[in-house]
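Structure record follows, encoded as structure tokens.
Order of writing sets the chain letters: A, B, C and D. Residues in each chain are counted from 1.
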């Protein structure tokens, strides 16, 4: 009887939509048997700003891929925005992803589309009207200071410029969640800070931000919740934490 | 759930743009379509002509039923009527013995000259020239006719006939197999080429999916692209075939009047319709099949 | 400067590995090669047979030179010798009038029966049957022979002959054009397919150049790859053609003995050699041409 | 007469092999008319260690591409290791590149080759014997702590792992010059420092190192010569300089 009511409470707790991202006992091994994540329990609430830190190969990108259902967990359950990803059908996945803006570590820009087209794509997907697309794309290009590169192709951009286009695309359709994987790795400190300003502003407007980063300077100076992963395990989860991943 | 009109327009635009974006690849695909359609188109035209040529030869097969010497004009009329009424018979013609000899000597060409001397002792009887409704029924008809008592003897080149039909049937079979083989090859090679161009775009397809595109959203521009490649690829071979055939027809009908080609119209339009239909279907099908493989992200 | 042996070995290994690394693409290329070689192979075999069939028909063309009634045996021998010595003449045979009539009646089949009655008044003279060294020279030879005073009249079916040669020439031309067209199509499509696979590897080629590889170093594995794709792609069509032709030959030579197909050997080996040669050359050439485009870094 | 002798001196000076990399009045505009570099005069001597810093899109990567002759300058002359790149024939380019190890900003790994094969490639190019290739590849894999990933493919690596493989490939054949474009952008500080240790050691053994970076922490703590580029111009060239690109 007590066990039942306890699990009932846990169940109700887990359904709580306060948690936008909710991972329970998640394990992920890749087909080549690499165990990238192990027993991950992470609950991220609405409007939170979270840094995910950890050494190279710790599992940060894997963590992110699980949230956007690019990968399925080998074990455990993941809820995003109240939906159990395990129950998601193929057809529903795109609608989940439209609520999440992602800055990929390797940018994932469309090589044959211009900068403008790359960003507009995220709006075309949600069938936004043409005039709004144009307006909004120029708006975000302005935010990342690349308005003059709208007609360029990714191969004509510098590394940092590509990264900023990736950021622009991620925020263009006002996602409920913004996930950024190392979004400042190719940026000079000044530009990096301006990007952080953008992320903070978006966060203040109600978007949940999850950011994997190696930039200790940023983490230590713009204090937020820090989830530290090492060797596939969460070793620290601290509000207003400092950079570091020793347990 | 219906697609918004602006999204439909976007897909059309995107499909068209993609042909330009993948310039080299599109060119390679379109030229493959062009070559293959041209080959299969000219092959079809050739086989259709060969087929009609064979039919023409087969239709020249006729039976000569020589009438008994003692039949009078009435009896001849009766038996002719009787034969003409049989369902297996297409046509009956009367051929008197003089005419028969003339035809025979003519048919021998210069060799016939040596026979001029025997005109006085014409070995032929009056005859009925009979054509069966289907050339392959000739043998049956001949046997039936032979049973009539007014008929002395029947002649239709039995051994030659069997050979002729075996040969024409084999030509038809070989031609048919070749056409089918070519059709299969064409379909395979076009879709294969399309697949290669799409494999190299798998990353783009996966990014689309990661950015929240539905499968339908990803596929539609590829549908348009396949359609356009089919249409563009069919233009050149159709243009060449149509003008080429009309020209060849005119050239050969003056140069070699004894070779009867099929009338250019509506033949060339039929073949063109076939080509463009094939091209569009394979273009769309090939691209949709290939895209499908890379949607699982 | 010579390549080190270990580098040569490395290139061989790399070329082989690349086929595996680009699994899908290699498969698509190899199957395209297979299909196209099969089509062009069977087409070649068909055309070679058609050609020999036509030649056989043409070679049956002969001239009958009927000797004057008053020539004696010596004169006949002399004129025969004279004709046989002419360079344009392949063969001369003597045919006496009885035999000539028999052959004539036989050739008419059942129609000949009506002629049995005139055996007593054989209209033929003794004749020489002459075959020209080249069937197309028949007309010339006939004219020459006709000038001899021992010859009364010459006979060779002039009008039929011109028709026959026009038709056979056209068949040859059409066949030749088709073979060439198919050959061109095959070469184009194979190299086109290879080009598509290499376009999608342009980045890798450029990285190689940036890491310090010479053009030769980049190209050699592609050379091996093209060679291997040529060889692998040729195996299936060659196997099918060889067994298929041998089987068909045996089948048809019992079923339709009057159709004379070319002996399977060495024909199938020649065609196989042609196919694998073509395949290897196009494989290597296609890959080298395409790689070349992307070496400029 | 004076002008002549002066230009003679300049000529002799420019031939001096003390300068391993020598750019004079170099301008570079891309086909799309972007002027990436303008009037660049940079002389880098043997065994130097140089940071190239500057904001996103300043021209750092363009600067590097010019040195390895991936690009030709629109104007001006470049000497590398005593060779005038303008005189270089197509055939000679690979031999230049073999003397330069490059860590590309986008890694440029061969996607269809394993980690081992990726690194071995740089040795196969110089026709090294098989046993030495094996030994040396394992050696550099050990240096970047990725020995256990030898059989992995790039798509199975994390961002930082890819970056370390790119570094391993660049140093594997003991190049005379090591050029690294943002080699620590995807690395946690600890790993980044270990990479810096490797670069310093290589430099101490006589290799010239040119490193484009945004990592102010590294630049400020491991003091070396700093060339600062802003908007295509060298705005500062300072021995033991700090991070920054204000003139």
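Heads up, the rule we're going with is that a residue touches a chain if its C-beta (ideal position, glycine included) is under 8 Å from a C-beta of that chain, and two chains touch if they have at least 3 such contacts.
All values derive from a computational prediction rather than experimental measurement.
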item	value
Neighbouring chains shared between chain B and chain D, ordered by label	A, C
Hypothetical removal of chain C, resulting connected chain groups	one piece
Furthest chain, CA centroid comparison against chain D	B
Centroid distance [mean C-alpha coordinates] between chain D and chain C, Å	61
Between chain A and chain D, centroid-to-centroid distance (C-alpha), Å	32
Centroid distance [mean C-alpha coordinates] between chain C and chain A, Å	67
Junction residues of chain A - those touching two or more other chains	none
Touching two or more other chains - residue numbers and ranges from chain C	none
Touch-based graph of the chains, sorted into line, ring, star, complete or other	ring
Each pair of chains that touches, named by its two labels	A-B, A-D, B-C, C-D
Residues of chain B that touch chain C when the two form their complex	24-25, 28, 31-32, 35-36, 39, 42-43, 46, 64, 109-111, 113-115, 117-118, 121, 123-124, 153, 155, 157-160, 163, 166-167, 170, 174, 178, 181-182, 185, 188-189, 192-193, 195-197, 199-200, 256, 258-259
Partner chain D, residues of chain C touching it in the complex	4, 6-7, 10, 21-22, 204, 207-215, 217, 297
Residue ranges of chain A in contact with chain B within the complex	68, 70, 90-91, 93-95, 97-98, 102, 104, 108-113, 121-122, 124-127, 129-130, 169
Chain A residues within the chain D interface of the complex	30, 32, 34, 53-58, 60-61, 105-106, 152, 156-161, 163-164, 181-182, 185-192, 214, 216-217, 243, 245
